[in-house]
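Structures follow.
Shared chain: chain A. Partners: chain B in the first complex, chain C in the second.
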Partner chain A sequence: MSLPKPLMRGLLGKRLRFHLPIAFTLSVVAAIAFKYTVTEPRKKAYADFYKHYDAVKEFNSMREAGVFESVRPTGE
Partner chain B sequence: FQNFASRLSCIIVCFPAPLASRCYSHGKVETDEEFDSRWVTYFSKPDIDAWELRKGMNTLIGYDLVPEPKILDSALKACRRLDDLASAIRILEAVKEKAGPHKDIYPYLIQELQPTLTELGISTPEELGIDR
Partner chain C sequence: MLRLPSVRLGGLVVRRASAALSSPVRMASHGNVSLSHSEVSQTVDMSQPMYWDRVDTPLPDRRYKDILTDSEKSLKQKEKGPWAQLSKEEKIALYRMSFLQTFPEMKQRSDEWKTVMGGIFIFLGFTGLLVWWQRIHVYPQRPHTFDPEWQEKQLQRMLDMRISPVEGISSKWDYEKGQWK
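This part shows the complex of A and B:
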């Protein structure tokens, strides 16, 4: 049984022509997916936290807890 | 970057990329037959030296193709002229590796080279048990 002649040229080129566009597209999709599942929710979480953040109130409760060295709690 | 972009578009555009083509917009592209006969001639040099054999094989292996049986035939005969059995067997190992995942290429090559292998007394890596 004599083997037929297989294709012997341009094998890598053929493989790259097929796989590179897929690889490129998948990377872009992965980046977009990461942006909308991770970075945007994080940014939103920070924005929501600071939307109604009262810095003075937080400062006073920290002061009362005694964590500062420059100001002592009121009443000392 | 321009060079890279044009090189990249070459992989896409040059179809089926005659492998020795550098994607010049000018200049004749070599046909497969011309390429093959160039290499057969290279290895057929009667007084080829060991360096030229190694250089030729290394260059040939760098291309995106598995060498044709007639090129390998010429190279194996050059090994015979140089009394270099080791290189002859190494050539067989190299082309098997070049075929990569395409497992039908190597058996075909051995089939086509069998007369030369018998004539020159070259054992295949499989026969020697060194193919594992």
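This part shows the complex of A and C:
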């Protein structure tokens, strides 16, 4: 009938000492993972798109497709 | 046990009525009765100290048995002395004077979850019937912009306008070959 006395103090401190380092590490890992899986590929995609981008050629293609109201396709 | 398959056909109204009528009876057999035997009627006088069996608030406002017999009173007197002199049966009797259920009894699992899940599915099914009726009798006509021909023209216009050319839809279209990449 005599059990050992249970822990009465320092319960929050013990929990924090265990969980805070894990929380910080996981947050940093999540941020790094996001950077290298999302932002870096996106920056590269934009850089590659604009490396050989000819604005006048794109404009003329769009004009021929008939999407503008200010300029009609060359035929009309 | 109360078995209710969630069948969404006619005859559901009959089943639902029987479930509503029988569920109060079933609830009483689930074993989570917490009325003390000193309360005769259903109404509880909340201005008096109450008794309860709860795992999260384990010490109620009053002892379970407020009216003690003489033998119980003499046991309570003996409790004021050294506890090592109490026998095991006396300690258990003292506990049962103060509490109706022990922790294991309180934590006993019941079949209430089956009733709960059954009720949830019944109401989900009924809601489905309502939504179905609504779709037939309330919703206006489907807009013509959902037609496949219109959707094709819409997609072609998006590609012509070079919508999302870097990472989105126009980046997946090959403009030279006129097909998806």
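We adopt the following convention: the second predicted complex is superposed on the first by the 75 of 76 C-alpha atoms of A that agree within 3 Å, B and C clash if a C-alpha of one lies under 4 Å from a C-alpha of the other, contacts with A are read in each partner's own complex, and residues count from 1 in each chain.
We adopt the following convention: a contact is a pair of C-beta atoms (placed from the backbone, for glycine too) under 8 Å apart; a residue touches a chain by one contact, two chains touch by 3 or more.
These numbers come from a predicted model, not from an experiment.
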Q | Which of chain B and chain C A:Arg72 touches, first, second, both or neither | A | neither
Q: Mind working out whether A:Lys44 is in touch with chain B, chain C, both or neither, as first, second, both or neither?
A: neither
Q.
After the superposition on A, what does A:Leu3 contact: first (chain B), second (chain C), both or neither?
A. first
Q: Kindly classify A:Gly13 by the partners it touches after superposition: chain B alone (first), chain C alone (second), both, or neither?
A: first
Q) Is A:Met62 touching the first partner chain B, the second partner chain C, both, or neither of them? A) second
Q) Which partner, chain B or chain C, touches the larger number of chain A residues? A) B
Q. Which chain A residues qualify as touching chain C in the complex?
A. 42, 45-46, 49, 58, 61-62, 65-67
Q: Note which residues of chain A are touching chain B in the complex, please.
A: 2-13, 16-17, 20
Q | chain A-touching residues of chain B, taken from the complex the two chains share | A | 11-12, 14-17, 19, 32, 64-68, 99-100, 102, 104-105, 107-108, 111
Q | chain C - residues contacting chain A, complex | A | 157, 160-162, 165-167, 171, 175
